[in-house]
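Listed next: structures, encoded as structure tokens.
In the two complexes below, chain A is the common chain; its partner is chain B in one and chain C in the other.
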Partner chain A sequence: MSINYVVKRVFWCILIVFGIIVFSYLILIFSPGDPAVKWAGNPRGPYASMAIEKAREELGLNDPLYLQIARFVYNVFNGNIGDSIAYKQPVLPLIYSRLQSTLELLVIAYVIAVPLGIFLGIYSALRRGSRSDSLIQAVGTILANMPTFWVATGLFLVFSMSGISLYGRINTRLALSTGFHPITGFYLLDSLIQGNLLVFIDVLLRLLPPALAVAVYPLGVLIRLTRTLMAEALLEDFVRVPVAWGVRRDIIIWRYALKASIPGVIQISGLSFAYSLIDAMVVEYTVFGREGLGNLLYDALNYSDFRLAIGLITVVAVFYLVVNTLTDIIQALVDPRVRL
Partner chain B sequence: MRGRLVLVIAILVIVVAAALLYIVLSPRESIPRRIVVYAYNDKISGIDPSIEDDTGLVILGSVYEPLLYYNPLKNEFKPALAVNWSSNEDGTEWVFHLRQGVKFHDGTPFNATAVKISVERARDIYRETGRGLGYIWDAVEEVQVLDEYTVKFKLSYPQRLDMIAAASYAAYIFSPSVLEKSSASSYMDEALEKWFNNGNDGGSGPYMIVSYRPDAEVRLKKFDEWWGWSIVNNPDAPDEIIIKILTEPQSQYNGLIAGEIDIASSVPRDNIGDLVNRGFKVFNLTTYHNYIMFFNTKRYPTNITEFRKAVLYMINLDEAMQLAMKGYALKGSGVIPHSFPGHIDNLVYDYNMEEALRYLNQSGVTTPVTIEILYQVDYEELKIFAEYLQSRLREIGVNLVLNPQPWSQLKDIAKGIWEHPETTPHIIIADWWPTIPSPYDYLYTMFHSESKEWNFAGYEDPEFDNLVDTAFEREGSNYTDAINLYREAQLKLYNEAIAVNLWDEVKPFIYSGKLEIPEEAMNPLYMYVVFFQYVKVKA
Partner chain C sequence: MNSIEANIRGAAYLVRKQFRKMRFKTGLAIVLVITILALLSPIIAPFPEEGLGYIPENAVAKARLPPNPVNIFGTDTRGRDLFSRVLFGAGSALVEILIVVLTSLSIGIIIGVSAAYFKGVVEHVLNYLIELFVSVPAIIIALALRLAIGPGLYVVILGLITTWWSWYARITYIYARSIVEMDYVVLARLSGLNSLKIIYRHVLRNTIPPVLVQAVTDMGSVLLEATSINFIGLGVPLNSPEWGVIMLEGLPVITIAPWITMFPGIFLLITALGFSLIGDSLREELDPRMRRRWRLWF
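Here is the complex of A and B:
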């Protein structure tokens, strides 16, 4: 990886984040709803107007627009967006606590989707032309095209009928009565650290249905992509020659064919991981009532909390950029043909 | 190859077994037995005891205490941090004798200085910044500490200070030690407000804050040294309370069924019967939470009194209430809720199509005519009402366009009546609940011409303003006279059809059979507050 790549990448990331902040600020500041009213606490009585005017001063809303934007951009890059207008708490810790919930969901979804997608893709490619190949390809197509929200709702109904409680990240009473307390904010990890099996199982059961819902799209895509890439690789000379030489089947599959297919799989996994963040945000709140980034954004827009909203948008944007960059780096490490 | 596979599997088995052993043998901390989970349907907007004026009340009510409580249903005061109080003849001086032996949660003693500081802070923050509801203390000129447990209030005009001291907002007493803890330079410093809103606790109430996440949950634990435990005599009171923020009624319903929630403040009304059948109990609290329908008095055709009356005569409130609230409401009368000081019965426009058509004719408005209604999008009951009204008004040639908006946008649009009334919707529905047990809270805030932030009717009438102002001044010296003046003001609003109260909400709190919630645990003046010290948790 060259210095040139790093410098260019960093430069473009900063520029993209800058553009997103400016664009978001302009949209939100001109949207209906006066954040000064909420910041002032919905004031009443004879001095209500004074309170709102003071709030406008505190939020800098009376300044010229270019100054507002410049100050806001500076604060974002400084890591100090200020207090949320709706919650009166610092924005970044608020976002971070919710991001943990959403990330936990996303990671579990990908722990399900990636190995399973690769396995089924390989299985299908090795049996190309057969009925099982057709079936797996069909399943992959269906999964890749199913609306996540629909899947989530269906899973919710099915699991609810079996008596498993799905609402929220954790059974609060269970957590309290077993002495569970968050350490990292990732409850699965925290419960393992504390040796709290009951909470671990509770958190895992609540995570599985939304994780399955979020996993559906990347699973479908990975099945089809892996199958295609593997099938192509199996016909290449660098695979056919070792076959002719009598090299063992498992070595041909894992060391030759799959190795050639992996760069494409990594690229798609990375891109869809970033994309699935949005799916996770929608599904976790609207269907499963989990506290995550989804309902935080909803509240931010509802209460004209432009600080929180832009903070969220920025975090999501940075997430996309980081994931895409990491994907490129991993691909370069795995594929010697790729030079950064 | 096979050997390697066996080795890998063996290592995995050992690791998993070790992990399980660790888990099973890990020590557990001791567990409080009585935990109550209370589902609340809105995020907490803040917990500064002097400034908070919204949903934070649900926390403040358990963590802080005022000098006294008032129950309008029984017209009864209950001593809290004050044991008795009296005023001089003209109501300009009030003396409160304070309870002795009270401690704040940090161990510091409660005394008259704490009262002085708390009241002055609420009042002065309002005077200097307009924030909070400290205007309730506006009449207080001076707070004198006569001795450690006696405080005297000197007022610039007569006021019912007992009512004000029992307010649901801006009347909470905090420990003076918060100044040092917050590193604030003075009690007016914003740093102190930030300190409170970061979840810090300066109260004396029966419960203290353990953790504060206003977007998700707030945990409280029993304050064993609370002065009131011996009086309440409830050894089965909860040890820990979790106030869980669940904004969706369906989530609260699911939580009850799953046994994860003990008290739900907002379940779908259609599901209440099902919950009762499953063994849950219901506490129906008649609240002062009402829904006011304002007419835009500055825009055609709702600027015509006869047209407004025509609209009102098309509403069958009993029918609308049943549809929207499924019976969990009392029909509105006047603008003040039932059993609240100043309420008037039978100040209702009953459905009468003939009268509606007569007034429509008198108004001179030619039909078809189109008007617009603005209401809050996340209140399902208002959506149902708006649709009901739409179908009703269609019968007399009035087309109603629905405009649902989130609260923040609704407020912004509604107060635009003062700057651009011609584009502000003709009808606006907003909900309200009181701060102080005085009609002033409703009548001034929503209809006085000075109150441009909340006067969504754009109503400007010097005679009305004068009635309300005079009534407020007279509350301290001649309460009966003041109430009569408030009633006169309401009659004016009714006769001119400026606004109507659609209904007072009857709030069903659904709770599990393992709890007992007596009457003392709820008070309509303190919206959504459950006085957990009275709640019994069966083992």
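Here is the complex of A and C:
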């Protein structure tokens, strides 16, 4: 791996973000109806015509198309999409402030899913053909096909039936009475920094059910993937030779066989991490009432807020590209066979 | 003619061989049952009008009845028979799956093969497009489409197609790239056969099988993603017979009437599982990494 590769990759990512912004602008312009009306959020009332006129000026709809696109892309790259209609604040800072909540959820979900998935996968690869193997694989297949939002509704039901209210990110009354205030925006981290154990437990408890729901898909995928990769690696020569040498069984498994399957696991984890962002967005607000990107999605829909939608498209795409690039780089560091 | 016959015989052999596998049989049975239910839903459903979304006259009296002999799955908040709604939901689920997968498959195969065959600028441009659409999730595209053109099934379908074709294009490209380098394609090129014929006869035939298997496996995920788009309310309007929408309507009353969200979810899970069981057992046959001995599949 070289710096050259990283630079090339970053340049490529910027090019793709550029394309995505152009694409979303084309949706706005070429869909039926007046783009200025849509950009102004379908305004009604006495000041509607003024709002539409302002939107028309903002987009520069009287200019030729290439100029409009150039201006739009320039503005978005400068972090200037305009003020959100639903929130009356600049779009990008708003999205960043909510991204932390969703990221926190995702990270906890993967902290649950990845070790458990790898462990179950290894366990079932070692007992290939046995009853526990086929049971674990069946569970993995079912988990990988579970609708995340359905699992979320189930978990929500179970917890609310048992009398625990898990709506929202934090118990506001508790937070106020203990003097909790956000620093980084990741509440788990914040409460630890402030040494506020009560809030930490509260936040963690509210985080667990949505995280479990989001963890279901990667868990199922990783169980099956690790099993396939391990079963394959266990038959390779680099495992047979140490067996012949008489190396201890656990060393063979953990040091020789697992090492060969780790790159594949990293690749799929990275890929599904980027995609689980969507699962998290679907689940977190509609079911658990947490303020995150899902909340923004919902409000963009209800206020027909096109600026927020374009901000979301850009930020989610950047997130995906960053995660994928990092995955590739980590994979190249771990796996000597991959040359970038 | 001969090779087509051989292909058909090969495919028939593959399917026959699959029938010995429990997983394949289960998957096929599930998909067949769901298809039959979807086709016959106007006949099977006890309350067809309610299944399509009409609100019955005694709605208040019938609202949120738990499962009982008349309404097997119970009724929803507006007194409609949940069983009928879920049955009609199977139809829209299959429509979504088929339209999305078939359209994106054809776009993806065409673009992937062209990217591999015509090198140079075309390859770069097409690869750029593939990468671009791989990186935007369908839900967000659906949001933009919804704001631009309003609610409807086409929001779900267009949003999903916009992103799914790029996956098929990418897979096709990867397979086709190695095939284009093979001697028989080079020879065909040297002998002056025109590009379309080479693509159709030599490149396409060998790329389509693995991509097709991928498409079967993906049908479940397409369904899950389509339903989750409907679940946040981006796609079809409320009261439509669609599993995601039924669950969305059941969400506010989940503690009082959990069956409204439960039954569509079970159907969703089983359908997705069926497609992925079929796809998995087909892929096991194709993927050299899953079996020890590698055999050409036709």
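Going forward, the second predicted complex is superposed on the first by the 296 of 340 C-alpha atoms of A that agree within 3 Å, B and C clash if a C-alpha of one lies under 4 Å from a C-alpha of the other, contacts with A are read in each partner's own complex, and residues count from 1 in each chain.
Operating definition for what follows: a residue touches a chain if its C-beta (ideal position, glycine included) is under 8 Å from a C-beta of that chain, and two chains touch if they have at least 3 such contacts.
In this text the structure is predicted, and so the values were computed from the model without any measurement.
In the superposition on chain A, contact of A:S24 is made with chain C only, not with chain B.
In the superposition on chain A, A:Y320 makes contact with chain C only, while chain B stays out of contact range. In the superposed model, A:P32 lies in contact with both chain B and chain C.
Shared-chain residue A:V287: touches chain C; no touch with chain B. Judged by the touch definition given at the top, the superposed model places A:L176 against chain B, while chain C stays out of reach. Of the two partner chains placed by superposition, only chain B is touched by A:P46; chain C is not. Contacts of A:S304 after superposition on the shared chain: both chain B and chain C are touched. Looking at the shared chain after the overlay, A:N145 reaches chain C, while chain B stays out of its contact range.
By the touch criterion defined above, A:L67 lies against neither chain B nor chain C after alignment on the C-alpha atoms of chain A. Looking at chain A, you'll find residues 32-33, 38, 160, 301, 304 touch chain B in one structure and chain C in the other. Note for the complex: chain B touches chain A at residues 19-20, 22-26, 28-29, 31-32, 35, 37, 43-46, 51-54, 126-127, 129-133, 135, 194, 197-198, 213-217, 219, 240, 242, 244, 246-248, 251, 254-255, 258-260, 405-409, 411-413, 435, 444-445, 450-454.
Within the complex, the chain C residues that touch chain A are 128-129, 131-132, 135-137, 139-141, 143-149, 220, 224, 227-228, 231-234, 244, 247-248, 250-251, 254-255, 258, 261-262, 265, 268-269, 272-273, 276-277, 280, 289-290, 292. Taken together, the chain A residues at the contact with chain B in this complex read 32-35, 37-38, 40-52, 54, 83, 86-89, 94, 97-98, 160, 165-168, 171-173, 176-179, 192, 194-197, 289, 291, 295-296, 299, 301-304. Residue ranges on chain A touching chain C, taken from their complex, read 12, 15-16, 19-20, 23-24, 27-28, 31-33, 38, 141-142, 144-150, 153-154, 156-157, 160-161, 228, 232, 235, 275, 277-279, 281-282, 286-287, 294, 297-298, 300-301, 304-306, 309-310, 312-313, 316-317, 320-321, 324.
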